[in-house]
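Before we start, here is the structure in question, set down as structure tokens.
As written, the chain order gives the labels A, B, C, D and E, with residue 1 at the start of each chain.
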Amino acid sequence: MATTTEPAPVQPARVRGPAQDVAGLGISRALGFVAPALLLIGAFLVFPAVWTIYIGITNYRLTGVEAVSPSIVGLSNYTKALNDALFHNALWLTCLFVLGSAVIGQNILGFALAWTMRRARPAVRRTVEALVLLAWILPSTVVAYLWIAFFDRDTGTLNSILGTQGTAWLIDYPMVCLVLFNTWRGTAFSMMLYSSALQAVPPSQLESARMFGASGWQTVRDVVFPHIRGHVLTNTLLISLWTANDFSPFLLTKGGPNHESETVPVYIYNVALQGGELGYSSAISFLLLIANLLVALLYLRLLRRRS
Amino acid sequence: GCLGSSDSGSGDTDANRNADAKKVDLVIGANSVKGGKNSAGAEFTQDVLIPKFVEAQKAKGVDVTVKFEGDGSDDEVYKQKLALSLSNKAGPDLISVDGIWVGEFAQAGYIKPLTDTVGDTAKVDDWDGWKQIQDSVQQLGMFEGKRYGVPAGTDGRVLYFNKKLFQQAGLPADWQPKSWDEIISAGQALKKLQGVTPIQINAGTAMGEATSMQGVLPLLVGTGATINTDGKWLGDSPQVRQVLDLYKQVYGSGLGDPVLQREAKGRDKSFAEFAANKIGILLEGDYFWRSVVEPKDGVAKMADRDTAVGYALIPASKAGGGVKGQDFVSMSGGGATAINPNTKFPQQAWELLQFMNSAEMVKASLNGAAKITQRTDVNSEVLAGDPMLNFVATKVLPVTQYRPGLAEYPKISAALQQATADVVGGKSTDAAAKSYQTAVEAAAGSKDKVSSN
Amino acid sequence: MVGIDIEGLATVYPNGVRAVDGLDLSVADGEFFALLGPSGCGKTTLLRTIAGLEPASEGTVRIDSADVTRLEPGKRGVAMVFQDYALFPHMTVSENITYPLKVRRVAPATRTAVAERTSGELSLQGLLERRPGQLSGGQQQRVALARAIASKGKVLLLDEPLSNLDARLRLEARTFLKKLQKDLGITTVFVTHDQAEALALADRIAVMQSGKLRQLGSPREVFARPANTFVANFIGSTPMNLLTGTVASGGSVSIAGGSLPAATGSVPVGAEVTVGVRPEYLTLSIGDVSGPSIRGSVVVAENLGTQSLVSVECDGTLIGVTVPEEHEPDPGATVVLTASESRVLLYDKESGELLARQPAPVG
Amino acid sequence: MVGIDIEGLATVYPNGVRAVDGLDLSVADGEFFALLGPSGCGKTTLLRTIAGLEPASEGTVRIDSADVTRLEPGKRGVAMVFQDYALFPHMTVSENITYPLKVRRVAPATRTAVAERTSGELSLQGLLERRPGQLSGGQQQRVALARAIASKGKVLLLDEPLSNLDARLRLEARTFLKKLQKDLGITTVFVTHDQAEALALADRIAVMQSGKLRQLGSPREVFARPANTFVANFIGSTPMNLLTGTVASGGSVSIAGGSLPAATGSVPVGAEVTVGVRPEYLTLSIGDVSGPSIRGSVVVAENLGTQSLVSVECDGTLIGVTVPEEHEPDPGATVVLTASESRVLLYDKESGELLARQPAPVG
Amino acid sequence: MTPAHVVRRIGFYVLICAITLFFAVPMLWLASAPFDASPGLGVHWPDWTLDNFRETRAHPYAMHSMLNSLLICVTTAVAVTAFAALASYALSRVRLPGRDALLYGLLLLSSVVTGTAAMVPIFVMMFQLGLIDSRFGVALVLTGGLLPAAIFILKDFVDAVPKSYEESARVFGASTVQILRDVVLPVARPGLATILVWAFVNSWGNFLVPFLLIRSIEKQPGAVLLQTFTDEGGSANLSVIPVFSLLFSIPVVVLYLLVNSRYGFRFHGGIKS
């Protein structure tokens, strides 16, 4: 190695020469490349988000007296949220939803699919992958119909299969249904991410483990998982955030029955539209954003600890 | 400012602006769209009303272009979109709003009294159409005693019953209960039939406002109370508890199917079950008769509707126990058409509004169908052939009540729905009523705005 | 006797490639056995079939006299070192070494003991707590060996174990490997595509081509008497000269405008043959010589260290010959090439098989 | 004269690594120049700095006498072949070859002509319509060369062009490359970490270590008289024996219990030195010999083809010596090693630099 | 094959079948209901008919809304792909200050877009920009929302493209534009295709943004219309919904199949940690 003579860690006196990146782009042109995207993101994502934060400290509603002259109410929307049993309920349900459908459902099913499909016959693999992806790309409104039909009380497919005519799944077990639904809907992403992650696991390591007589589970735990830990965390982070902000439960249950499946985004929607309380709903949105941030930071910490 | 219309400043306030314009553009906005479920309304506006109006104006030498902006969506979403437009001083010139939004929109300054917009009090008040609209119906377009819009049709609620099932249960075909107890006893008789849900009264949060309109509110007025009296909202009170007790009785003793009330599509389901002769008694509006079990185009057709479906007035809890001492009660809803205060052509918009509500146009809008319109002259003509609608127009409308058009109403309504959901879900009346009180207080903003006698 | 016996073995991939195609082979107890061949000839596949990582399509594999053809890899008593070592990057060296034991639920204390003993044998004592990423290539290789040894396989399989090391390290590791194998006496099959490596290390070499065995023998046999032109061309750090010639009378062959002595044996005079002679076995001289020889002119010379490889153009064909560095001729010089009779091999023109079975040159 | 002149060149990466560290170098017109060194010594960085892909932190690069230090890569008149060839996967071979011309907006007709001529020179005629993915490694390498040649650079830069080829192919490609370079006469700088390749191909070799030049010279010089122990150890297919010895009187050094003749020159008697002698230059004999010699016993022998590398243990140190295959001694035999005086090199014990400037051995 | 092996094989296939069923069964409705004379919420062997299709074709906006959807989604997908490609290329190849923070910020933002909350600001802003009732405006908003995730995923693709391609072209004297056009773009095509599909699929189903920003029903996309069939007061029109759902799904599926067969629809390097 070339490290025998300790290289002096001085910053070189940068002389102007050809651009240093591979395509000769240069910093200024690179900024030009990034600018349109940043502009759009700034205008249609960051700006509304900041605005939302502002609305969150007012008692703004779209109609009524407060529409004319909304007043700044400080943090009272936030204190209200902290005492709002329905918000607590929504938060709890969101946690269940994320935990059940993303962290456990999509993650595990996605990994299982990626893991088993690796060695499956191409025809089998293509069919299964196409089905899983189809579930992912169908428009959500259409998907909502599919699942309402699936769970239907009278003529639903599930009841026909199980012979449990008359069981109102969406009423009796709303969260279970949502978790199932979202697992079905989102597994494709985890599957794709894990299949590409698994390609990065050197086959020789899997085979080594096999040579030592390790069982499938031992191999996954001792060899595969440490390799794809980063991917697992990134994937879990992404799907958790997406699931936490997912609005499609509304299409299935509208939050019902009796708030039993009212996750935070659905609650926000109901507060904003049914109640018209935009100030309050913005405050809750902001709380959700903070929660997302906290979760993301936690994941990032875990990720960093790895190295 | 960042939030809506806090600065009303620069808008053109001259009511006679562009009054003499020879080239006029108007836009009508409504939550109906061709091919949607309220297709007929959109079709009428686009294919009949607009051409006719354009023609009439042409005769006067004015070149008018009228556009129809139809939406097809959830009422709440439509309302939000409309409010957003209005708060930005935009939106259609004529807007159709639900009666209960009039108050909130007026408070927000999105709509103004017609006299303000048109500028000339006489011009508005002298419209001959007002005479044809019953006072109770005019309430739909009014707020704090001022006219904000012209009502656009109304409806009423009754108890439907399945005569075939009644016959099997040995109940009369001309059933008319006079108290809640009679409903319950009819239900108990029906309960003996196999596979029949005796009574279905909307409850729960899943079907939203349907629970209030086709459930709690008609029952509540049957106890003699109204949800808002003199600016105070009704809180945890004997009347509310009485209503909740009834729910408890129906759904706790197997007279009703609680699951139906919890499903997102539960109302559609109950329609289908009624049409399939599986529900005995159903509290619904005349919409049910016109569009659901209608033999030709209904969504749950009943070929033998005219013979098989009976209807009765909703009784007060006991004779004379209803609001204003009535024996029978009902709730009504309906929309109104208002003028966007920011229209470029206020005078022409008012003309269009009048034209739209002329006897000729109102009749044309029905396109041969029977429906309760805002105009009595039209009603007496078109409802003659439909005993049921005639029944509503003549027997129900006189005893009916409207919801208060206040911004807090939706939350109060939600609280009522929640209370029924609690009861149907198994909570005690007491507990449900108590949490109702809390919810109402939060919705009203302060304890003083709530009465709990 | 922990030998390996392979009979009629074929391994067919799902895409129809017969990567191993009817092979018979025996590896003796304690032998250091090399599988040699060009890329894609099926060496790795054969090794993996022995290990059980690829299912055999035909034939049997016997290890220690037991038929293991249908056994799971973990149950065959073989240990394998992969080309990239397949060390688990997230485990320390000691965890890596003892992982095979952990899989078998051996008690931690025993595991530590094994780690210590094995690391001692392979001079890894100071490194037990490091991770593979913190080791040099040579150290990684030794850890992989230590792990294979700790797994207590009766047979050690190595797939190109040296190819990931840089040139200098490879030479050291090669010597180390040979010494270790001799010390442990463990039966070892080892895959390489580098003929120099196979020659240097192996007790016996199997040369493969397209899934088939082309020659089996000691390094010396394979080098000095390649059984066919394929092996002839493959073995040797400089390629063997393979030229078309005609058998002449008097024990010589005419090639490239000249002739070389050859033990023609029963090959009829006038027959066309392929004549093979290694650059190392040709002698280059300037000026006339007696006896059969070829005359040509020097084209280019490449420095090989103490030797130079000189390409000589003789009657239109290029013939390579090595000369000591101090005798490197100038390009363009006219030179004469000669060879001793025992070094000139004759191959069948069509089949490429060695023709006359001459006695092997003295070793 | 299309030479390359490098003066005081340093390339520092943003992370502070001085990958090239003050280098002076001249490459003559038409020369085949090799940059040789272990992994990470800065060869690639130097090449990329010449090409302009890395900015020089200090010093100047002159090509064809013009200072190009601050010029865009495309304006320096250099052509480069990358280690992975960097053939554009979406273009056919012919499109790949003519891409440099397309960039310069050369007319399509001319481009086709160039593609045909160049592909002819590199025997790629049949492959023009294929895509890189459908070519073998050797073919890909030739396409990359063809593309570089078609770009009409005055200087050709090659980064380990042979390392992706398998052993046999590498030998062929090596001869091909050398011949091509001689035919075209194009100034070529070529990076490798394989000393055999550098020796075989280059007109001159620069040996680098840690971004610095350690020796510059012809293959012969570098092989026979490494300027320091680093180069001594790096060059040669078998490692040079580097042993600690003491200068004795009478032109000899005592090492490993014996002694060897050496031109001690001005080195004082009794001084400790590092003695370097290649295994190829040691002679092994059985029985007594006259003059300085070392006695030891044979440990292990590795077959190198026509030669064997014998490790001899002499007074506790291992010394390697090559013998012709037919003279390979048995392990355990007692042998005597001798060497000619001119082959024994003395290096400073501390700095590792060559001590006495003896005359170069006759070439 | 040992018996244990056989058992494991069988177990494996049973598992595969179960998973396949799990994913396939809910989709059956889409295969049966459109062709059923009396479509309902439930799957049964259809009473075959094409009447539903006729009825859907007769619907005044159904077919037109598809065109609007196409217009909006193609614009969005192309814009997202183009801008994300530019940005991710620059972020991958040039060390811009604050690059990593920016990427993580984007990643977070990408997942924190809650439509309902940002509704008011977006409407007011678009109103001020005069982009109400404009399909282009809708495409802009959708583009802004999809860009962060697109950049994040696409940067991964670009990172996987060997730099030697560009360097090699650069040594030949190719200008930056030439490098991007001739080398980077073609090589990154599979990644771009994946992002294109992804952006298309995501904008295809979006309901709230077009609903809020578009006034004229003639300009509304299919997602809004489908919502109309469902939500507008009253009960669902079950003869049109299944057919429309089916038709509405076809473009995404076709696009996916096209891209999948040409480039393979997957993440190349995998989103790295």
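Basically, contacts are C-beta pairs under 8 Å (C-beta built on N, C-alpha and C of every residue); 3 or more make two chains touch, one makes a residue touch a chain.
Nothing here was measured: the structure is a model prediction, and the numbers come from that model.
Ranking A-E and D-E by contacting C-beta pairs places A-E first. On a Cα centroid basis, the chain most remote from subunit D in this structure is B. Farthest chain from subunit C (centres taken as the mean of C-alpha atoms): B.
Subunit D and subunit E have Cα centroids separated by 54 Å. Taking the mean of the C-alpha atoms as each chain's centre, subunit A and subunit B sit 40 Å apart. Centres computed as Cα averages put subunit B at a distance of 92 Å from subunit C.
Taken residue by residue, subunit C touches two or more other chains at 72, whereas all remaining positions touch fewer.
Touching of two or more other chains is recorded for residues 2-3, 74, 77, 80, 84, 265 of subunit B.
For subunit E, the set of residues touching two or more other chains reads 41, 95, 119-120, 167, 170, 175, 227. If you check the complex, the residues on subunit D that touch subunit E are 14, 51-53, 72-75, 78-80, 82-84, 86, 88-91, 99-100, 102-104, 151.
Against subunit C, in their complex, subunit D makes its touches with residues 38-39, 166-168, 171-172, 174-175, 178-179, 182, 193-196, 199-201, 219-220, 223-224, 233-239, 278, 280-281, 300, 302-306, 309, 311, 325-326, 328, 361-363. Those residues of subunit E lying in contact with subunit D across their complex are 95, 162, 164-165, 167-175, 178, 182-183, 186-187, 189.
Residues of subunit B touching subunit E in their complex: 2-3, 31-38, 67, 69-75, 77, 80-81, 84-85, 88, 90, 265, 267-268, 271, 287, 291-292, 299-300.
The residues of subunit E lying in touch with subunit B in their complex are 41, 59-62, 119-120, 123-124, 127, 132, 211-212, 215-217, 224-225, 227-229, 231-237, 240.
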